[in-house]
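Some notes on the structure that comes next.
When the chains are written out, they are named A, B, C, D and E in that same order, and each has its own residue count from 1.
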Amino acid sequence: MTAVAVGTNRIDPYLIPALDGVAYGLLVFVAASGLVLCFGVANILNLAHGLLYAIGGYTAAALLDGGWASLALALAVGVLAAAAAGVLLAGLLTPVATGSHLSQALLTFGVALAGGSLLVAGFGPDDPQVQVPATLEGSVMVAGHRYAAYRLVFIVVAAVLAAALYLVVRRTRAGMLVRAAVDDPEMVACLGVSPARIRAGVLAAAGALAGAAGVLGAPIIGPGTDTADTVLLLSLVVVVLGGLGSMAGTLLAALAIGEIQTLGVALLPAAAPFLLFAAMAAVLAARARGLAVRWRTA
Amino acid sequence: MSGEVIRRARGAVAALVLVGLVVAPWVVDDYTTALLARTLALALVGVSVALLTGVAGMPTLGQTAPYAAGAYACAVVGSRVSDVGVVQLVVAAGAGALLAALIVPLVVHARGVIVLMITLAIGELVVVVLGRWRSVTGGTDGLAGVPAVRPFWGLPALASDQGRYLYALVVVATLVGAVLVLLRTRAGLVLRAGRDDETRLRASGHRVAVHLSGAHIAAGAIAGAAGSVLVVAQQYISPADFGFDTSALLLLGVVIGGTASVGGALVGAALVIAVRDWLFGVLPGHAPLVLGALFVATVYLLPTGVNRARSRLSEAAAPQPDPPAAQERATVGEVGG
Amino acid sequence: MLTVDRLCAGYGGGTVLHEVTLRVRQGSIQAVVGRNGAGKSTLVHTIAGLVRPSSGRIEVGGVHVAGRQPHRIAQAGVGLVPQGRRVFSRLTVAEHLHLAAAPWRARTSGGEGWTVARTLDLLPRLAARLRHRGCELSGGEQQMLAIARALLGQPRVLLLDEPCEGLSPDLAARVRELVNKLAADGLTVLLVEQQLQHAIEIADRVAVLEYGRMVYDRPTVEARRDPAPLAAMVSIAAVAPLPPNRPTPRLWADTP
Amino acid sequence: MTGLLDAQEVSVRYGSLAALDGVDLCVHDGQRHALIGPNGAGKSTLLDVLGGSTRPQRGTVRFAGRDIGRLGPAARARRGINRIHQRPAVFATLTAAENVVVAALPRVIPRRRWWPAGRRRAAQQLAGPLLEQMGLTAVAAVPAGHLAHGQRRQLEIAMALAGRPRLLLLDEPAAGLSAVEVGRLVELLQALPRAVAVLLVEHRLDLVYALSDTVTVLRDGRTLAAGTPDEIRTSPLVRQAYADGVA
Amino acid sequence: DDAPGPSAGGSIKIGLLASLSGTYQAVGTEIRDGFQLYLDTHDGKLGGRQVDLIVADEGNGAQTAVPAATKLLKQDRVSALTGIVGGGSVAGVTPVLNETKVPLVGSNGRPELKDVSRIWHTSYLSDEPGAAIAQHVRDNVKGSVYAIGPDYQGGWDELRGFTDAFSKIGGKLANADGKTTFTPFPATTNFLPYFARIKASGAAAVYTFYAGSAAVDFVKQYAQSEIKDIPLYAAGFLTEGGVLNAQGDAARDIYSVLNYSPDLDNAENRAFVAAWKAKHDGSPTTYALASYDAAAVLDRAIGAAGSDPTPEAINTAIGQLGQIASPRGTWQFSTTTHSPVQKWYLRQVRQDGRALSNTVVGDLATVGR
């Protein structure tokens, strides 16, 4: 009996971090989902992704008043606004569509810088308050520990999103077109589909996803001067770690990041500042080496 | 023929710019001179970024790592060992090369965006280490009070903005010249070939990993040397000098300049950094907005900037096939299998 | 059906095609031959919209399409089998076929429409490779896929840029046979082909491009009747075996 | 007697598909060996195995008496195995001349070894005649990415030759070449010194019979037949193999 | 030409460097507005001279602050410099200040410096808030206290101030190894794993220091976590200014220590708060106050510097100011550290009408060396 109790006690402090790692990882996945589509699948390097998320976040802060109706409204407005921004971005990107990642980076980084400061100019430099519906505001008991209810809800949202994304990319004609356009846009055009339309569609969808993530994630990664950068960096890390375009890989990477940021920090507090980037460099380098070897053997 | 004209014109422009840079400190005020000196350091890092990104095809966000290694090595040597510029420069370049050599195993097999992310991670890790290794680096607030540098044994210490600027100019011009020479050798040719098609390069018998490692270490040494120029120009360094935004701006500057062109990288990186620093002074609060708008505008004003610069470079560097008369003199030695 | 009139096109600064004129009637096959670098692919790409013409007219079924975007031209019924296959390396064969199939597109050419089943029937090797990705196919299989992809778009005008490159001789013959049959059913074909005898075998007209200029354009019956000028232009005789060890510039002077 | 190149029991599987299934192949010094077979027979895969870019699951590859099975493509190229790819692979932003120079570098050593530029100069001196032989002199200064398809193939052949091969692996060198260029290619291959062995993959049987002294027929990853061109030409088995590939 | 000092018209150039973009924009804006408020309420004059205020953007830290400061000092040739949000920026600007011999009257960040002969601060030293509240925590908390803060110079100093003073008077830290827990900054946005450790440590209270968006994250997550009932003490920046709005109800009841609160009851403060509210939404913060005081310091120093207020003269005059009346109560510069010797207040977040506000609930020690 006592042995069991000691056992649970040793695990107990890590229970909540582990659970939170899942929730946090899923939040990161939701935030990154737009970029998975845009960069991972369609190979458009969109450094304004964080900006699209921030648009959703600020919409949430402006519209949410603690009621469910406001949540629905914010979601609708945030998704629309961010999708519109995505289409705008696609229009801006047209001249460099055939160019390299680097010129896309130049353009989208510029948009992110300018758009970010416009957002802050519009909404003020202070972090705005985000009021979620009262039912979600509180905390619930999980295995004898108090845990934020809102984060639990996220687990469901992210699971739905991951499944939907997988189906769209792998199973629909639209998803195939997007992947084909990455390989050879000219040949896609010769099939009678405009690559520019595909690009606009991808960026609109990515924007919608980012907007939704921004609204839903606002209580956790809230809108503020740094939000865009934080979200962009995390998303890029997750998308690249996940193997560029693989939905399962991205989800796994997001969960790993979540656990590293929570359980890892709880277990190895001294290494906390190094954990994320060291793990990322190690995984990517190991995988690159693995690919190089496999490339040679098979 | 037109290639010849373009080359002449480029040479003339380069010479003009160089002359302008030499006389600049007597024409402009101290602030601009100081700004220029700092910009030169960053432009030199830009060259090392271009070497990797454009020439070797390995886009990097982590050149701030060897840059920081060089800067801190120089600062430590400068305040504890020697105030001679040449010594500091060599130590800094060595530190940069050493760090780059340590990083090589991580990146040499990776390509494209993966390199970008690995180098980003390394850059961030280096910043964390700089912030926490307080006994050497002074922590997040940085290191101040590095004594003024004397360029060479027996020369006086550089106390004025002009002196520091000219020192930076000499160092940067020398190193850029060295890079240009390097790129004209077969090493440069093989690097460019690897950027195009690595499989083909391997099938021709080149050790791709060796070439890439060499490029990384050379770029690391250049970035390290740039670090020592920064210390001289600014007399103060902190981890903030080597953060992500520096890497990002450098990469963007290099893209603006045309990734494969050293001169372009120099100009692009210098422009981006100088414009940023200048904007923060003259347009308080709106610098990011204007900078962002400038980036967007650049893409449209130089729609093919990258490619145009690249094709121009390859045109200029194309070897003329030997005339038939030279065929008899073809010397081809035997190679052991 | 397909009319090209005084077409000029090129890349960057240089002009590659100089005033090329072609008239391909519906249901006929126009062959284009010429040396490497003569501009055959440039001609095909310009018709497909991948290269912008600097002057001249291109008409498909009476509609002026020069300078339109490639997807518009494809929608006008132009199908392309490009040189070098250009299959989508990350899509499986099945996905290629699914993507290329445009069942809703009104079929205007004769014969029954192309379905996935029918293409697979024609190219049975593909049927066994449905789950392979484009980059995992052998060269010939990629070529088959490129042909299948173009057919499934239900084209009215088919541009074939060396469609038999990399196909085994029997299969190549079969593809030519198919092209012949499709033309008989009303499809208009522009065929770029290196092997003159193969071109003449099925084409109604044959044209020769030299340095971007059309230097020869006659009905094949005429070419068969009087093969000399054509043969001189593309020197088919060169295929005959040469005596071994004829002296050529020695590269290995110092090799034992 | 063992040959210059000796591959035994080579098997390559991709999932459930056996691209190569226990193939033996021997190329002797100076031999002109052709490899034919219907599409998807495994010809290119075999060349990949010999060139080192694919590692077989089973089987050994010996070259000049040494086991080279563990060497990568670069090491094999330095030992004298040079190849062209079925899809022409060239350095797109480098000029045609530079392409040849790069390909020549690993195997040339200048007379004045101490002078760093000497090696490159020696390689450049090799590039001129090679380009001329392939009829590419006019486009020597054009970036390879701007060449026509056939020109790229010719360029890659020049690059393979620049590597001073002992064994030349040619994957459909005549595909996409015009009649004149094919003639030139045939001439070039026939003029190659006997010290250079050639393994030729080609679908144009007229060329195969004109150029080779031994022919191996692959089908579905297995060796179907091997012999002199005359034997193969008349073999009903081979005819059947090709016909099956179509049906 | 444009030599330093007043021009014929009796005007004087002052440079203000603050983060007007980036992470610390909120603080930087307050600093600019505080200084401007003083000018606006004093006819745009300092020491009787018309002020030509030149503002430059500090950005996110030293690498943008140094060139901006260089411009103010070497191109605009200001007679004094003020503002500066980040401690790192002050360190970076120091070499240029020494070269140009211009005084800095900083209004926020304050690194450890060897030579402060030309550097003054109207805010505080980073370790002072902690030192000021240590006794109160020791007296009121029954048990050990968990110390946690961000991992950078400011965080180290803030927490050291508390833990040193707290240990000296016999307090015990709950942290596992007896050392403060530092969280990666600014990377940490999720504090739950740390809360799990705090819970496991059995602490009776928590002392912390965060500012900006990290403060929002910390407080909101704290309120939803399983340690939400453990009392939270903090350096005042945790709930200061705009972050309090974003935190909302989650911030209720948090104790903090600061040198200022808008509800202080003195004549200067009433005037200051009224003037502030006339121009801006909400109440002034300690950042605005410090900048307002920096202007007051310059006002008196320039006035005292005589007919030719050179930077040197201004610097000398600042050293002789003595007591300064301020909305926070009177204070004076320490002769050794050149930062204020001032009183600290204990505040608690309470409902004030419809909004939450930091209400002064007691006086703490007067701190400063």
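As a working rule, a residue touches a chain if its C-beta (ideal position, glycine included) is under 8 Å from a C-beta of that chain, and two chains touch if they have at least 3 such contacts.
The chain list, named the UniProt way, goes like this: A, B = Branched-chain amino acid ABC transporter permease; C, D = ABC transporter ATP-binding protein.
Fair warning: this is a prediction, and the values are worked out from it, not measured in the lab.
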{"item": "Interchain contact steps from subunit C to subunit E (minimum; 1 if touching)", "value": "2"}
{"item": "Chain located farthest away, centre of subunit B as origin (C-alpha)", "value": "C"}
{"item": "Greatest separation from subunit D - chain, by CA centre", "value": "E"}
{"item": "Separation of mean Cα positions, subunit D and subunit B [Å, integer]", "value": "41"}
{"item": "Between subunit B and subunit A, distance of the C-alpha-averaged centres to the nearest whole Å", "value": "33"}
{"item": "Chain centre separation in whole Å, for subunit E relative to subunit A (CA means)", "value": "35"}
{"item": "Rounded Å distance between subunit A and subunit D, as computed from the means of their C-alpha atoms", "value": "47"}
{"item": "For subunit D, residues that touch 2 or more chains besides their own", "value": "14, 53, 72, 126, 129, 132, 164"}
{"item": "Residues of subunit E touching at least two other chains", "value": "21-22, 25, 151, 184"}
{"item": "Residues of subunit C engaged with two or more neighbouring chains", "value": "249, 255"}
{"item": "Residues of subunit C touching subunit A in the complex", "value": "48-50, 69-71, 74-75, 79-80, 82, 86, 88-91, 95, 98-100, 102, 105, 134, 149, 153"}
{"item": "Complex contacts: residues of subunit D adjacent to subunit C", "value": "14, 37-41, 43-45, 86-87, 126, 129-130, 132-133, 139, 146-151, 154, 161, 164, 171-172, 175-184, 186-188, 190-191, 193, 195-196, 203-207, 210-211, 242-243, 245-247"}
{"item": "Residues on subunit A engaged by subunit B in the complex (per definition of touch)", "value": "45, 92, 95-96, 99-103, 105-107, 109-118, 121, 233, 236-237, 240-241, 244, 273-274, 277-278, 280-281, 284-285, 287-289, 291-292"}
{"item": "Subunit E-facing residues of subunit B, complex", "value": "29-32, 34-35, 38, 128, 131-132, 139-142, 144-145, 161, 234-236, 238, 240-241, 243, 245-246, 276-288"}
{"item": "Parts of subunit A lying in touch with subunit C, wherever the complex brings them together", "value": "173, 176-177, 179-180, 182-184, 186-195"}
